[in-house]
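In what follows, chain A forms one complex with chain B and a second complex with chain C.
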Partner chain A sequence: MAISAATKAATDALAVNHAPVSVGAQEVHRWLQSFTWDFDKNRTKYSTKYKMANDTKEQFKLIAKEYARMESVKDERQFGSLQDVLTRVDAANRVHPKWNESMKVISNFLEVGEYNAIAATGMLWDSATAPEQKNGYLGQVLDEIRHTNQCGYINYYFAKQGQDAAGHNDARRTRAIGPLWKGMKRVFSDGFISGDAVECSINLQLVGEACFTNPLIVAVTEWASANGDEMTPTVFLSIETDELRHMANGYQTVVSIANDEAASKYLNTDLNNAFWTQQKYFTPVLGMMFEYGSHFKVEPWVKTWNRWVYEDWGGIWIGRLGKYGVESPASLRDAKKDAYWAHHDLFLIAYALWPTGFFRLTLPTAEEAEWYEANYPGWYDMYGVVYEEWRARGCEDPNSGFLPIQWFIENNHPVYIDRVSQVPFCPSYSKGASTLRVLEFNGKKHSFSDQWGERMWLSEPERYECQNIFEQYEGRELSEVIAEGHGVRSDGFTLIAQPHTSKDGRLWTLDDIKKIGCVFADPLKAL
Partner chain B sequence: MSIVVGGGRRGLTDPEIAKVILAAIPDKPLETQRKMNYFMTPRGKRINEYETLCCYTQPTPDWIPGGLDWGDWTQKFHGGRPSWSNESTEMHSSDWHRHRDPAFRWHALYVKDKAEEWRYTDRFLKAYSADGHVRSIDPVWRDEVLGDYLGAFGFSEYGLFNSHSSPTRDCLGDTLRMSIAMIGLDKVDNAQMIQAERTFLAKLVPGFDESTDVPKNEWTKGSIYKGARETVEEIWQGTYDWNEILFAGHMIYDPLFGQFVRREFFLRLSSYYGDNLTPFFINQMQLYHSQTKGITKDMFHTCLAADENFGDYNVSLMNMWSDKWLPRTVNAMKDFMGIFSKIPTIAGVSDKAAIEAALGRVFDDWQRDYADPIGYKVDTAAMIKTVLSGLK
Partner chain C sequence: MSTSANAYNAGIMQKTGKAFADEYFAEENQVVHESDTVVLVLKKSDELNTVVEEILLGSHKAQNPTLIVEDRAGFWWLKANGKIEIDCREVSELLGKSYSVYDLLVDVSSTIGRAYTLDETFTITSELMGLDVKLQDVARA
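Here is the complex of A and B:
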């Protein structure tokens, strides 16, 4: 074999310097943008009205192996804490029972969001043309698998170690019964994966992640730890370390379409719709989980909301995108009103429908009533009195034969479901801004609670056809629906859901519900 | 005590708060069933951690087989196309949640393996460079084969990687989705490691061109990868059915073309040309290949071909897909034969007889592991003959 000049040069170089040489991730990444090539059929399978630029770069320049290394280091720390010291101190049995219940919902519903984000970012990986932009979305695909597993791990841990495993152990089967589920699917599932790819990115990354991740994943850790839960901060803060990259992905989506003419036409409308979609569910549900799902209070939800959503996101984050023509959503002002009362309205309904949950709910105590009144003046006259009445009628006691949903019926306060957000509302008994709007289409009635959702439906009714729980269960008796949805504990008859978390209180069974003879009716039929 | 606890006080460690919490906790646990997902059917005797953390995370309604949810989608695509739908594939399943990664890797286990591989790669490269191995590589092999053709093969891996984006979006099960994303990541990892090797060589060998220009030119305009490129383009963007994409890529193209190029060309020949660097990288790719093979065989053979209701139908569809994708793959291999005229022939290693033997190994393996399980009748000798006709 002939010795080439290059081999000779390499040999000479070695004679001078034998220092070990390796290759860093960045040295590989800098070639990534050239990995693709042009060909006829090279276009996305998910149409978008925007055009993502071919030269879009990513901010976090990872290659596959370096990604794995980083995440693996975080995993070691996180699972090490959980499996070692937290288990030894029996931490799952030092969590306040109310919070134990909240984590059944929070972790499982977040899991759905994480899970759907895998598919959502898979779609974006397909839609982007620039390899770097694809790579950013790809990293997120993997992250969201991580987060799905992590959320599952919380329920797994609480089921194995904690005080009430029911609901933690089977949320994935029983979660679909109740009134919070479909709304969750709108924001966390379909809103991320079904639509114009850029619209989905705006829902997921620009709003879901950049706006609601902070209250959802960061603020929740403060409430958790105040209520004795150190598992959730251990896992959720580790999730949060990945979210920065996801917010950056959302930012890059906007950068990639900034020069496209379509952006000036549609971007702000899509953003406004996405913001309203996300806030319509998260604003009430998060507020409700924190305030009504805890014993110890960190701060009123409205303050958290104003800080993270209004100032941080609506002001700073959106402000930063101003140079690309992005404006603060027009619906932000209405949302701000929701942040004050919507979660109180929703809890009233959620508590009234407690048997359909996969968790135990608790009526506000006298101490809590005081806290609510102090932070939300007017709370007592609207909600406090109702809870007192329900308590007096024995709503916590299986012998009472009283379910609070009866109160809504007796007082002629029908509960409707907003077709677009799938969030339940009671127009005749609420302090929030909901107003009843009913429209007919293709022989079917649809109720709406606000103008923003109604507008989305009016322009594209075929996107929002999903039946709600009242339509689905119409004419069926409550205990039957619960049994069919597996809402019972391992003894086969005690409900997973309960209207109290008192350790001395009796637990309701299917028979207790059956005796009452509660039958689902579709309120739209009565109109 | 007050229920307001500001200032980051923690319930686990703050004695005052802890007292209140402990007093509220039931004397004995309220539920004895502590196994998460206890309702599911495990693959083995017991539900393992992978199954606990992955199975039924997907909220699909029961009209997509295996789903536990009910009703319609809450938001659909413009025009009303559903979020996920049975029409996204021609395959039928009685339960789309049935697939398992045979290695039961959830995210943490998957990244742990890859992180170790990265650390080991770093240590290996340092030892390799300090040891001066690079001096022994045949210059033609190094500059033309590794510089151009290995680089060009990186595009095949990168294209296959991208073929996983729409299946990651469209597939109908949770364990499927996670497996698809992971085997996709392995493919971009391969492309990146090919570039890593070329960058590494450029650091050791003055004048070695690490740029992707020449390989890309070879891939897009050259004759050696023409058939491969056209097949990859069709798998990546020409195909919409997510199962067909995976089948074409992982049950036909990669176990034939990919295996020949990686194992029988680069891996087998490199040491004859004084190159023991390439085997290090290719062996990682071969590990990924075998893991992926476990996954896709589980998808197509263990689950779909054996489905109690749709097995026969699925098998006939797989046979049709094989008819469609096999000729293109054979053609890609035929084009690749052109590479042998670019290297000095070594008797018994890269002469026609040796190539024929290598093709025999690849086709035999494929027939045993991929064709036989679906009863696909194939004349491998004729295919090998066709491939060999590409030798210049």
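Here is the complex of A and C:
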């Protein structure tokens, strides 16, 4: 019987490359690569405008056996710590209540990112033609499955062992009403899995992972420890032990296209779009979670961003690639402005829209206000005075009848949603890099907060059709929307979200919201 | 506080308030600047604490004085010019047990630079591996 071409190729390879006598992992890896893998005519469902080279290497030389052994040790250490000593010392109840709320957002949102990264790296495995590059992507698929489980587990752990489980236990049910969810889906889902395969790699691996996982998964552990949380370092630093291979995968994606003519035409635009897409959400949201969601401050968020994003990712990754034509992202100036101010802008809006969340927020104390002013000169006159007014009007007290969103309406400061990033912004009361732009397409108005998103929208407007909460709930009363969107605790009437973390403070209910009579209105209709 | 240019809070990070803002928003800082450094984040563990104290702060620091190691609660943060290299045969001898480069990777949390393994050595380098320098396979036995 005739043998297949693949079997013949394998037989021929074995004839000259005998199986290694030793079981050294890297010798086995080298031997595996010596087979005549035939991927250069790879057919893929996920095309790219770039030509990925067929000889790209994988930097860590992993084989399945060593991979599985390595990951099982990581899991043993992580779960061992959580289930033994951290439970014994009641670690979950030692977390500062403000930080407990931040972890509802960080761990739930990261779980979504990890889940989508499974699909993204599966797609890249399908697209690549180099055997070692495929091997690197395949390892990442398995990593992302592990990370999804880890994020789910830490929420479960916080909910089971700790304080105020609501929000840790089932955050996703609020995804229709929470204004932070849709932006998160834009960076963590759409950006990773939609469009050109190499663009997805740049979004996920070269920017999302090589740049933003360092503040999101590494620096966050400093803030966690400072605020009494020892579970998050245990889990997140274990997650990050896989990220270095993902960063290498992203770098090797660039290596694989470096000599392709298309790279000189498109790479800088794709890199800038990916950088802006990722920073537009991560920069304000992480800054807000770190600074406004903590009691003990590690350092100003802008310094964290300056170190990990600007100096180290910018200088060591992007700067070093300069001789291959990679340029500093054109949007960097606006991104830096956002890193200084956008998280303050976002917290103002997030606190104003607090009933739509799945976590509790706290107004800055007088001591914190001093810290903000010392680190961000001009903070008090812009934000501090507003918080003082809201507090004086009783924004934390359900009997006050005051929701801070009323302040925006009373002062004619409309809040819009950026169509591309889905991040809310208030152009008339903002210090970040946001200005209002409105375009009309197919009889519908679209608001944008910056030129970078507007440019992306202009090139493919059909991609960004997600309805925002103002369009979705136009004319609806707020308490009805919260009830419909599952924003209440297990008693059926107390909101998951609250405007304070005080143990003594009364919790707001649907009735407290209803009596205010707040109705959704689309600000674009007033233009 | 360390005065090294590679310290966690070096340069602009030592400034506060307006002084920080002035430098942060200065025109020359609105583009990235190429850096020859590398950053390594090591998860604290029994083995990695020994590697840091006995090897990195010992022989490695003597060979590369630009290396900075800082304790950041759950992890060790390292930064150096050029490269950082860990030979796991040396670690194995120090720990008195078998310890491969894949055992090391269990606790290597993050890298900024080009990280790779070759045989039992882990390297993170500022060189552009795969572009300027070819990535090698382990030599045949």
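Methods note: the second predicted complex is superposed on the first by the 489 of 527 C-alpha atoms of A that agree within 3 Å, B and C clash if a C-alpha of one lies under 4 Å from a C-alpha of the other, contacts with A are read in each partner's own complex, and residues count from 1 in each chain.
Definition applied: contacts are C-beta pairs under 8 Å (C-beta built on N, C-alpha and C of every residue); 3 or more make two chains touch, one makes a residue touch a chain.
Because the structure is a prediction, the values reported are computed rather than measured.
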On the A-aligned overlay, A:255 touches which partner chain: chain B = first, chain C = second, or both, or neither?
second
Answer with first, second, both or neither: which of chain B and chain C does A:307 touch in the superposed model?
second
Should A:238 be classified as contacting the first partner (chain B), the second (chain C), both, or neither?
second
Going by the contact rule set out at the top, does A:222 touch chain B (first), chain C (second), both, or neither?
both
Per the contact definition in the header, classify A:22: touching chain B only (first), chain C only (second), both, or neither.
both
Given the touch rule stated above, what does A:371 touch, chain B (first), chain C (second), both, or neither?
first
First (chain B), second (chain C), both or neither: which does A:521 touch?
neither
In the overlaid three-chain picture, which partner chain does A:66 touch, first (chain B) or second (chain C), both, or neither?
both
On the A-aligned overlay, A:196 touches which partner chain: chain B = first, chain C = second, or both, or neither?
first
In the superposed arrangement, what residues of chain A touch both chain B and chain C?
20-22, 27, 29, 66, 69, 73, 222, 225-226, 230, 299
Chain A touches which residues of chain C in the complex?
8-9, 12-13, 16-18, 20-21, 24-25, 29-35, 37-39, 41, 43, 45, 72-75, 100, 102-103, 105-119, 126, 128-131, 135, 137-138, 140-141
Provide the residue numbers of chain B that touch chain A in the complex, in ascending order.
3-6, 8-12, 17-18, 20-22, 24-27, 29-39, 52-59, 68-84, 106-108, 110-115, 117-119, 121-122, 125-127, 129-130, 132, 134-135, 137-139, 142-143, 154-155, 158, 162, 164-170, 174, 177-178, 181-182, 184-186, 188-189, 191-193, 195-196, 199-200, 203-208, 210-213, 216, 219-220, 229, 233-234, 236-238, 240, 274
For chain A, which residues count as touching chain C in their complex?
20-22, 24-27, 29-30, 33, 56-57, 59-62, 66, 69-70, 73-74, 77, 210, 213-214, 217-218, 221-222, 224-226, 230, 233-234, 237-238, 240-241, 243-244, 247-248, 251-252, 255, 258, 299, 302-303, 306-307, 310-322, 324, 328-329, 332-333, 336-337, 340, 374-377
